[in-house]
């Protein structure tokens, strides 16, 4: 069985979670409809790391009893170390736009909305940005609408910002001091030119090594125990990536 | 069976609750360790009035799932029409002192503390003050410490204040505009002089009619269905007043 | 509390009401929304707590909605909420963007009876730039230079949701979805549909009480078996993903949406089934 | 989470800790307080949420307490808390008076991660006059002339309570006493005694989950059968009113209190029973 591109993304995110230079990730929360970040978090757990996962929107066995309010309160308390965010647009200063393009409130193209991004991005020490589509349409010089800013003025309470941006083509690390992304690795099949051409914002690092494949151990964990954990919440994803379905859930 | 003085107080409080000139009492909350106000509220219910009772500190079947916080939130929302308060000292401006006498925080004699009085007194349209001991020690010209003020400066958010003060000797009504009590009725056996002598603060109305006894119907309700409701929470009170004990609770 | 017929429950909502509903993963009142469409509700000002889904998209498509305050509108795996997207493109509804914890916080302020409540974050977001009713102050407990957002209390005229069961006292079982209690506490009137009525008093049962909303907050209850459908309800039944996908497909056009309404909402059969 | 022995749980509380406990009607940690007396805890800064009772009076009498923030101290039907009254008269503890909803509000601010939260009422009370850490501002959402109290967030170092059961994940069943969740959320560390450990995961059980506090907040759990005694525990067992009355009587004097300690708290037998 060849490596599915999603498996590569999952492995790459898991390595970002485990980055020894980043603040510790003892508690990771994963929002709704995020199978790849969820799988990466499970992989870290199944690799034996002592990390707590709070996964929203499991139909039963949800970890919370006050819905998303409890998630946001946890983040407010500083008890969530790492969260994942995406964006309809993401710019070179790590600003996120989940609201829409064109005039406010997204007259050209309306996205679903900000969800909790305008809060979570400030409250967690680390955010891993994830957006599979890597195109000039998504990675723009400047977002049309800022639903959550990547950087804040001095004095504004903020625990952290983006650690990295993971796309279908590459991984960018984010330098909060410079307010700029740097190419950290490119996925197999991509070149420095293909990435440059698909990226609307300027970034540092003309080239970078190829993103490492998941190890055999990681692949075995993904296809076994990680998939087991994901089946009930993400049946479609598990079918698509691992050709498995949950007999009970079906 | 003669009328127990507590039955008279219960009947008098029930009539105050039903006072047609006061704001409607659709929802009455009764705090802990308040058998007489609780019995008066139950009596109003058993007389057929459509009133909701929230009784705190029933060991099981408590109406709340967030403890007293839910009570205070209810009051904040304006959903509680009537509450009962007492005081180690009560003065002629209806200021309450549940904290202590002498220097702060009650060096001469410390009372238990303010509980929620500094909030509830502002939040409910009506408060019935109840203190059985009627003496110059309790009913003072000016409380040593204000745990909850009877009146507030203009602009301070406040839905109401004291409707009346019920003691073991009499009932005073409170005129919030004048900031003064007026003798409304004196209990059997009391005279205008005995009340004047036992009251530390000045009040209007030299004399007043005798407090009416509970009717036969009211007494029958008190001794039957009201006592039934009270047995589990106030076994000692029910024994003392009605010579009844709860076999199940015993 | 005697159950009200579902269409009578919907009739309790006046046109123009500020109506709060939970999202598709938290006891959304789908049958109630269909009843609102049947009663031709107009000018509703919806609040998605904190996001909105099927019921909101349906009401927007049916022309019931004047404005929507929420943090997002989504059909989950079925993607974009099509009538919402069309309404935004046409500018036919007023959209008031928030962010999830801000919605929770504004309701908590109403729950507590205070005029405002603070929230961290949000500063620098264009959401704030478009909220004239939100204020940033300097934190009075810091030594200066610590801006913090204050959000006004939000007290919906009506909250509506679909729960598991109710008793004769109007107590409602919502299980682990305790956030529904805050919506109920904050709202002036609460209308609830339930799968079934139960005997006794839910608050007297120590095992059930933690998942119960006190009837003091509840104005009326209607029976609506499978009343969350096509959304799921706790462990009672799962989401009907195929139906939501069908909705998403049909609702992509105004014509398709009309077909959907005729088949599932206004048809005599669909109506009678509720 | 493997249960810790009770005395080891008490050893996790450093001298001087800001320690929050619920009152006698809401899962008060009586056995835990006795263990703190045995470990000779000193300088504790107690928070009674929102009032205090037996456990607090015991700790004050045993010399464990430097300060107490609460809205009241009472033994309920047994009357005044005698060691508290003696300590106030002697000025031997610092007493920080609050009012019930203010305690709840300060914890809710910590729960939410905001530096303050407003509360209505209180203005004109001498409680406010003695709280330099409370502020009155003019409501920024009114047109002026609307003073409102702001309370600072209160994040206890440790919260302790006695609950029904825990599972291996540290999830705690508190039933309808949901206010315990706020205490747990607001506190940096949470130590819990329970009647028993249970199999499985309490949060996976849809019937129990509404009464469960997530183990994410919980540092350690100790088994303590009848660990609320002489206080009652939900519908598990009733308050031992005779014992509380005996305590109230003995604790009226320092000598009587010593007798009580020797008999019920520090005696080898009493200790071994816990």
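Each chain carries a letter (A, B, C and D) given by its place in the written order, and its residues are counted from 1.
Just so we're on the same page, a contact is a pair of C-beta atoms (placed from the backbone, for glycine too) under 8 Å apart; a residue touches a chain by one contact, two chains touch by 3 or more.
These numbers were taken from a predicted model, which means no experiment stands behind them.
Asks: Touching both chain C and chain D, which chains are there?
Replies: Where chain C and chain D share a partner, that partner set is A, B.
Asks: Taking each chain's centre as the mean of its C-alpha atoms, which one ends up farthest from the centre of chain C?
Replies: The most remote chain is B.
Asks: List the centre-to-centre spacing of chain A and chain B in whole Å, with centres computed as mean CA coordinates.
Replies: The mean C-alpha positions of chain A and chain B differ by 59 Å.
Asks: From the mean C-alpha coordinate of chain B to that of chain C, what's the distance rounded to whole Å?
Replies: That pair's centroid distance is 40 Å.
Asks: Give, as an integer number of Å, the spacing between the C-alpha centres of chain C and chain A.
Replies: So the centre of chain A lies 28 Å away from the centre of chain C.
Asks: Return the residues of chain A touching two or more other chains; collapse runs of consecutive numbers into ranges.
Replies: Residues 60, 62, 64-66, 70, 76, 123 of chain A touch two or more partner chains.
Asks: Going by the touch rule set out above, which residues of chain D reach two or more other chains?
Replies: 112-114, 119-120, 146, 148, 176, 178, 206, 209-210, 234-235 - these are the residues of chain D that touch more than one other chain.
Asks: Which pairs of chains touch each other in this structure?
Replies: A-C, A-D, B-C, B-D, C-D
Asks: Quick one: which bits of chain B touch chain C in the complex? Just the residue numbers, please.
Replies: Its residues touching chain C are 27, 52, 54, 60-66, 70, 73-79, 123.
Asks: For the complex, give me every residue of chain A touching chain C.
Replies: Answer in residue numbers: 32-33, 57, 59-60, 62, 64-70, 72, 76, 98-100, 104-107, 110, 112-123, 145-149, 152-153, 155-158, 236.
Asks: What part of chain D is in contact with chain A in the complex they form?
Replies: For this pair, the touching residues of chain D are 110-114, 181, 185-186, 201, 203-204, 206, 209-210, 212, 214, 216-217.
Asks: Give every residue of chain D touching chain B within the complex, in rising order.
Replies: For this pair, the touching residues of chain D are 22, 25-26, 50-51, 70-74, 76-77, 80-81, 84-85, 88-89, 91, 95, 97-102, 104, 119-128, 130, 145-148, 176-179, 182, 232, 234-235, 238-239.
Asks: Of all residues in chain C, which touch chain D in the complex?
Replies: 105, 112-120, 135, 137, 139-142, 146, 148, 150, 152, 174-176, 178, 206-211, 234-235
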